[in-house]
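Shared between the two complexes below is subunit A, which has subunit B as its partner in the first and subunit C in the second.
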Partner chain A sequence: MKNISYNYISYATLFKIRFIAGLQYRAAAWAGIATQFAWGFMEILAFAAFYRASPDVFPMEFSHLVSYIWIQQAFLALFAPWGSDVNAAETIINGNIAYEMSRPLSIYNRWFFEKAAIRVSRTALRCLPILIVAFILPEPFGMTLPSDPFVFLSFILSAVLGLCVVTSYSMLDSISVFYTMNRYNAILVIFADFLAGGYIPLPFFPEPLRKIAELLPFAAMQNTPLRIYSGNISGNDTVYAICLQLFWFIIMLVTGKILMRNSLKRVLIQGG
Partner chain B sequence: MHLKSQMQYKITFILNIFGRIILSFATVAGVLFMFTRFNEVEGFSLSQVLLCMSVVSMAFSIAEVFARGFDIFPRLITNGEFDRALVRPRGIIFQILASHIEFVRLGIFIQALAVLIYAAPNSGVDWTFDKILTLFLMISCGAIIFFCLYIVYASFAFFTIEGLEFMNILTYGGREFGRYPYAIYGEGILRFLTYIVPMALFQYYPLLYILGREENKLYMFAPLLSVIFVIPAYLFWRFGVSRYKSNGS
Partner chain C sequence: MIELKNITKTFRVARRSAGIKEAFRSFFRREYEYIRALKNISFKIGGGEMVGYIGPNGAGKSSTIKIMSGILNPDSGECIINGRIPWKDRINHVGEIGVVFGQRSQLWWDVPVADSFELLKDIYRTPKDTYKNNLEELSEILDLSQIIRTPARQLSLGQRMRCELAASLLHSPKILFLDEPTIGLDAVSKLAVRNFIRKINREKNTTVILTTHDMQDIEAIADRILLIGKGEILLDGSFSDLKHRSKNKNIDETIAEMYREFKI
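The block that comes next holds the complex of A and B.
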């Protein structure tokens, strides 16, 4: 029992170290905030043009879409399938994995907490200015608060689960380096981003594709929390969507741990 | 020379190009999905939007092949490679351009060409000689503008050492949002892209001419007008070079 709590203190410390390290890059954060804000604004303008053309076939309410895009930009670092690498791939390729293995902590848990911490700290630096401006903006382009506190609470829960799903997906990506020795798999990342609703929100997908995409693990990343916040998913659908997130998180966590154990058994360190 | 050396690893080269084609397909898919639901946006049909998108992608990818050295310019300053370029008796821009040419980035060009070949006959355009000339002007002048944007991006590095992420909104953003005619973003954005960073001059205005919405020849030659952007970009670069202090030995 004592051992378990000791372990979790270690992981919490790792989380804290990564979190504080991430907070150091303030200038980069400001540049990022400006970029993301401009990006989000252009996205909304593009959707607005489609809305003007034919509002009757627009699959979301416009205000829902606006909230979706602002939250997406504010929490980009939290949910985007790219960019949470703690040099995990590097460690595997250059052989430092040997040192990692000699430590008395599970490598999976260690990397998982570090990856999550990087995402949280980047988001903590960037999200507030974007959200504040998004709330101040006038009517059609401004963000709105969710209709009731229950929606907000389920958004928080779903966001935490979304972070877990993205992180466990990126763990699978890192573990695949054991097999491929290939650092960066851009195609998988873009594929995931597209199916997660990173390019256009899932409700804009054509009909049979939308239904399939909503069942996939990618939809459990940013799609669910964003649509819960904006009010596009509500009522019983919220419960269903959150359960689906939990399901995919457990599947990917278990798969990741098994694959990690197998690859560590046969890992071969070259050189002395 | 660069082409020869990069062709030495043929399979890697081909796989890389293929990878880039798939990557850029996400944007195309996004547009296609939107148009399964909507018939038109601001009066532009799917093939007309695809036409517009392919022109911007081609211009961007040509610029990217040659501007790679400017894209990684902050690194050239920190590792001192730029100091070596300064002491050689050749133009600095030429040296940086020639030192990093990546033909892999033509992958997007191939994908865009395929989109263009699909869209051109379906867009309802009567392809007379002047329209083909306009298309050619759009692509070539667009490439020059994107190249200038990379030079501006690199020039900022003289003052900040770090790259500036917000320039991405003009380079990558220009390509990403250039998938729709810039006019759909509204009056303010269009004005900015006409008078400040003249990207609409090689995209929106000549597109109107190609689609036969404007007969005025001025619209046809608007891309040539946009090339004036070279002057401020070059002056900014010169200003940066003159203020340059080496990072050390």
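The block that comes next holds the complex of A and C.
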């Protein structure tokens, strides 16, 4: 337990390096921005049509929904369950984990920081253009600032926790590669994205499903910060939702660390 | 300094014959074979020794190295290195050793080698002065000043191996494990690597354990030889012991003969 803060110099460096490396992918970022604009507009226009038909039957106010969608598009790389990197999986499959294990670092912490860094750097490149345009857009289609600073602070806290939850989930995904030797779990990811509110915001889910989905860790990744920002949940519900995020983060962190320890015990170095 | 006692390691390998029918059958019933990679391996290595660890492909050389560097857990047996059990206290253990796996790269592929070195400095939390001195010294002996600013992917194998060696020594490890450091190198690079290893051992008293298939490596570097075959230590002696057996034959022939003699 000695020198914990000193210890984190290494992880901070890994974070920094992954962050810088991520900033190099400018073409990918522009493509991402274009996709996210197109997707955001389509989604808002589609919902606008439904709202025009009968505004009363919808569970979210239209302005909340618009903020939800724009924030979602701006921070897609930060929260989306499918945004996982495959670097960790690759090192397991090609055997380069031998070198990672010969470094004086915890493999779990190392990958956690690297994964988080990749998400943060992808988001750093993409979020600003989307946010700027979303704020400039005229009334019903533009984004609004939260009503008071407390909401904004809760959003920040919830966003950080969302990143922790999604990263610890992605760690479980990578650790499973020790057992499956398969780096893409496509079906699992689509399932996770759906339950995170990636396609339709969770308030639109039919009743029993909504209640269940809100309790699951997937909601803690993306749904919670977006609904806090948009004002869809507030007050005690916010506190409750943030505690739930913390709960899932701790559960997945502990599970991941235990599984990692067991996998490393039985690790085989692929390819000699 | 390094002590192994009755180290045993078994690997489980899935086996099936070629063909669709066999593939289909193995979907339901998989056949495994248990391969005993190491059987009761025991030896002691003192500080500052230079040990050549030799044996045919699949004899268990790399597995032993990986156990000693904290990467693999053995099934049974004891291993104490600098007072620690490598796989139980991996993080503290690996801070004091250097490793080179000749068939892999520890350099970051897309960026100049110098960046990889900087990263290693932070990973090992090497003090600035130590790092600076080591880097200067290593660049000079290995002639790295020209190549250190090149991305690793654009280096020749020989240049890359020189950088890999430097990378493994930046944190002043007491023990250096080299798993086939000369594999695929040309004559000039091999000589450079050998001279370098000797020099490091002589000047810093670094304990070196290296595996190789090149008997000239062994002749040039190792004071002591451990011969392993089918997971067992067959010979533990000096290079002259080995040479003694050979008389007029060259070393490769002697080794081949020993493999036949020990039926490995």
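Going forward, the second predicted complex is superposed on the first by the 265 of 272 C-alpha atoms of A that agree within 3 Å, B and C clash if a C-alpha of one lies under 4 Å from a C-alpha of the other, contacts with A are read in each partner's own complex, and residues count from 1 in each chain.
Just so we're on the same page, contacts are C-beta pairs under 8 Å (C-beta built on N, C-alpha and C of every residue); 3 or more make two chains touch, one makes a residue touch a chain.
Values in this document were obtained by computation on a predicted structure and should not be read as measured data.
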Partners on subunit A (subunit B, subunit C) - clash or fit: fit
Touching partner for A:V239 - first (subunit B), second (subunit C), both, neither: neither
Partner chain(s) touched by A:P59 [first = subunit B, second = subunit C, both, neither]: first
First, second, both or neither for A:A31, with subunit B first and subunit C second: first
After the two structures are overlaid on chain A, angle v-u-w for subunit B, subunit A, subunit C in degrees (C-alpha centres, nearest 10): 100
A:W39 touches, of subunit B and subunit C: first, second, both or neither? first
Subunit B versus subunit C as contact partner of A:P206, first or second or both or neither: first
Touched partner set for A:P104, first subunit B, second subunit C, both or neither: second
Least C-alpha distance (whole Å) that remains between subunit C and subunit B when both complexes are overlaid: 8
Complex contact set, residues of subunit A against subunit C: 6-7, 9-10, 13-14, 17, 21, 95-96, 98-99, 101-106, 265-269, 271-272
Interface residues, subunit C side, partner subunit A - complex: 11, 62, 66, 69-73, 87, 90-92, 94-95, 97, 99, 101, 103-104, 106, 110-111, 115, 119, 122-125
Subunit B - residues contacting subunit A, complex: 19, 22-23, 26-27, 29-30, 33-34, 36-42, 162, 164-166, 168-169, 173, 177, 180, 184-186, 189
Subunit A - residues contacting subunit B, complex: 27-28, 31-32, 34-35, 38-39, 42, 45-46, 48-50, 52-54, 57, 59, 186-187, 190-191, 193-194, 199-200, 204-206, 209
